[in-house]
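Presented sequentially are two complexes of chain A, the first with chain B as partner and the second with chain C.
Up next is the complex of A and B:
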């Protein structure tokens, strides 16, 4: 019972903040709403017996990545008091995936009956209760052969990210080298 | 139907521990002011006094009182063009985080008590998650939003610059903070802070096995709390007060208190990871329980002797003062008499209490059925001793923060970035690699 009350609160916050991302006309308001979505999702994860995932959601997404996003918004000076248009031509691209996902979910809800509920309950009964702890996740990731050993894939993804970062730094550095030595901006600047 | 048995009540009572960092804020502020004046060869706060109590100043501690009254009664000013919602929200975030994070710190060792459904272990943490310290990192990472939002919402260029510096510094130093603490997780084999402390009690303190990690972690904490030499977010000569330049009254006070609460929590984290946490040196929880009378008596006696020492100091000041020709001689003489008397009485009383504890308290393992169960009062007494130990360690680390702040000159911004990314990150990575290899070789 108390889980359902908490789920209702977290879900309401998540959906409300997601709407905020959609309709806010200021980049910072949108970014802060996205943080609200992430924190509420972290609450949902911890309701699903996954405390480690919930922690990482806040640590990585709400703490580090969104911090970086807000930092970039401020550096690029999009945080001026001017507002951006709520919907433009680029936003229309997102309409089609949203409609597709909406259709799938509607289909699922319409076709739902008691047999499906029983199937879901049976499937959930097979899932171990302690599935989202540090121990469980590290056993799945690095447990060796018996759990199919995702360690190599994990290392490969890490290497890929490192390569991407090094590439980004190299590209940025080349652009900086090409920039003219005279720091005065081309069109007057702000003085 | 909720069952109000003993473990449940203890779990509720543990929430009081959340307020320990808040209670340490005035002590930290007092320590900062007196420490600064000590190092700069001046008196520090010595004017504020309580007239109704014979004009006592308590060595400047009373200064907190008028400061608080001033902050609460000044005008709450909102600058024109500020984003009001975020402007009002921002100062609350650091203090909210400061109230959340102590729930992960283990304040005392786990105790086994008899509940209505058999034996139950009550952990010293309020939130005993197995990803314990990661929760703390995650929550303390959120406190920077207060700084950034407040900076942006104030509609001021100085504040915005300060907020951007703070966020860049925070992103940079969180990396090396996590990596420098990773060594101790690797050795202990757990994220749980209680297990880390128990490992240190069984083996040795974390600072011995991870000296490089300790130095890196301490430096990262200086940067995370945004204090000198890393106080890039503020700078009188460059951006005035930085991110809170537009804040006044108690909203500024919230930022100010958040900073000191952050220091107290940083001290708790550092002592838990590297300095044995709630453990008294060379005594594990069992030893404290078995010798509770002697241990608690020794601690109370130490506090009592300190009180007597303060009384002796006051008496010497009074003697020096009586030779000087000053206008406030009558007031000071009265204050010194009051302080001398009060501290002498408290000190002697505490010594008597200590003697009584040593003579009277001899805990035996108590008849609840199982052989290794201690009675509740022994458990609670041990918990009190351990909370006191942790608070002493926190205060010692807070003093190191003060000491460093008023000793080192501040860095330039590019020096901070170079130190974070080019030096500390690399040392932390090498430290982690060496630790991993050695741990693999030793543990097999």
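Up next is the complex of A and C:
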């Protein structure tokens, strides 16, 4: 029961904040509302017995990614912009995917019956109970030979980050190298 | 099913390329600016050669249900290493004539090679996605290497933003498939009532991969991206990305169809999966499931591959005729050839025979990479002489480059005595043999009775494909004629190709001619 009350709270916060993203005029307000959505979703994840995912949701999305979004808003000076209309003809393009996703979800809810629910519950009962915790994840990652494929993938993520860094260096270094020869900025003020 | 093998033996070739990338990366700052372009490509190519040797001795097998290696995957990876070596050589030519201040692009080529190699070996969605992203993140900055050039910013912006969107689409599909099967392995078993979400996920994943392949209607990025990037980068990405995309599409189709069929054998345990099968070999149970949706699913994917492919062939072949920029022409040639690959995948869907698609992509990758690599030597500083009139007579000044361009372009066009002819001929022959493929693929739209009665009215798909293949030869021929003609007023001095470029292009020519005589060497 208490779980359902918590779920109702988190769901209300998530939907409310999502509406806030949609209607707020000020970009910073929109970004802050998005953080609210992330935090509420993280609460839902904890209710679903996935503390690791919940933590990552806050660390990665609410922490890192949203900080980056706000940083970009600040850099582009659009924080001062409160005159651009939030809804115009271009924004209407987004209506179609939204309606399509809404239709799919409605269809799923309408089509749901208890028999299917039981089948899925039976199938899920065969999944090992211990999952979603930090313990279980560390065992999957570093638990010995039969699971060490995941350790390799973990290393591959490192390679992905290395690739991104080398790419960033490539794009940034050229500017520095050119600076002495051509002191005037070639592409405007910032960026 | 492949046997489990040791990790180091299986991933050895890829790990050697990783080490090559790291060695190149840490050597780069210690070299003088003028030495960078002399030494770094050689370091990369020597590691690629070692990886090729290691690949020869790597045992077929799988590891942890995530990576697999077999005859076809080995052949594709061998082609990938040769493509990467040509790419390094072509980039060396570009960067040297541009007097580029850094050596990072060589590192990125090697990292992208690792990414595509992971794509080829993957039998698990996370492994596949990591490989795809390593390859993409390495290629994006290289496309924008010349940001002060016209068209370069447009190229990198279009490629990056579209690539990011389609990566997200792909990932959404993966999430849906995970929700439907409870496993991220390719060959995993559906949970009973989640059929719809599985098919939706599979559709999104396929769209993500068709974008990488550049099949109509997901081809709009390629002419602009190709025309804005340095020719060395284009030469690498045109070959490598298509190798990865075709292998993954073939692999996914056979594995997933298998999981789909298993639904009707009563196995609905989430998280259960089967060991990876060799690439191009259908799972043993593939034909077994006489399940109700089988026809529907087959028709849906036949429709996508056959008609998407046919549209690509038509649009690519016609559009390449009018191009003056060689890179733009090769981009449309890529669209047309991606169309042929999609047609070959349509044959795979219908007849469970992936050889046509896999052989085609190996041959195409070697050909197109080689052609664009010769361009890096012929079109000069900043690729500014990248058009038909400026290239006039370039072949007379640099006969080896002209010869490589002619032979490899003949292979891309599918002219006799080259491997491209074998690939295209066999594919068209298979399409003509099954004249119904075009009609059957329409089964989703037309009423069943009509499809059944249609018979072989007219083999529309292969005839159109054949005509387009012949028409596109005219476009390629123009380039060959221009290269060997009298130097015109706009032709300039052509710089000497580097030793590495000459050597790798000779290898590519030999490979293309050898595969024409002995296509069986890589399993065709």
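Note that the second predicted complex is superposed on the first by the 145 of 191 C-alpha atoms of A that agree within 3 Å, B and C clash if a C-alpha of one lies under 4 Å from a C-alpha of the other, contacts with A are read in each partner's own complex, and residues count from 1 in each chain.
One rule holds for everything that comes next: contacts are C-beta pairs under 8 Å (C-beta built on N, C-alpha and C of every residue); 3 or more make two chains touch, one makes a residue touch a chain.
Because the structure is a prediction, the values reported are computed rather than measured.
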For A:52, is the partner it touches chain B (first), chain C (second), both, or none of the two (neither)? first
Of the two partner chains, chain B (first) and chain C (second), which one does A:169 touch, if any: first, second, both, or neither? second
Applying the touch criterion given at the start, work out whether A:133 contacts chain B, chain C, both or neither, answering first, second, both or neither. first
Name the contact category of A:119: first (chain B only), second (chain C only), both, or neither. second
Residue contacts on chain A - larger count, chain B or chain C: C
Contacts of A:153 with chain B and chain C, given as first, second, both or neither: second
Is A:110 touching the first partner chain B, the second partner chain C, both, or neither of them? neither
Residue numbers of chain C touching chain A in their complex, please. 7, 11, 18, 25, 63-67, 101-102, 104-105, 107-108, 111-112, 114-115, 118, 124, 126-127, 130-131, 133-134, 137-138, 140-142, 144-145, 147-148, 182, 191-194, 200, 268-271
In the complex, go through chain B and note every residue touching chain A. 81, 86, 129-131, 134-135, 137-139, 141-142, 144-145, 148-149, 152, 155, 160, 163-164, 167-168, 170-171, 174, 190-191
In the complex of these two chains, what residues of chain A are touching chain B? 28, 32, 35, 51-52, 55-56, 58-59, 62-64, 67-68, 70-71, 74-75, 79, 81, 133-135
Under the stated contact criterion, what part of chain A meets chain C in this complex? 104, 116, 119-120, 123-124, 126-127, 146-150, 152-153, 156-157, 159-160, 162-164, 166-171, 173-174, 177, 186
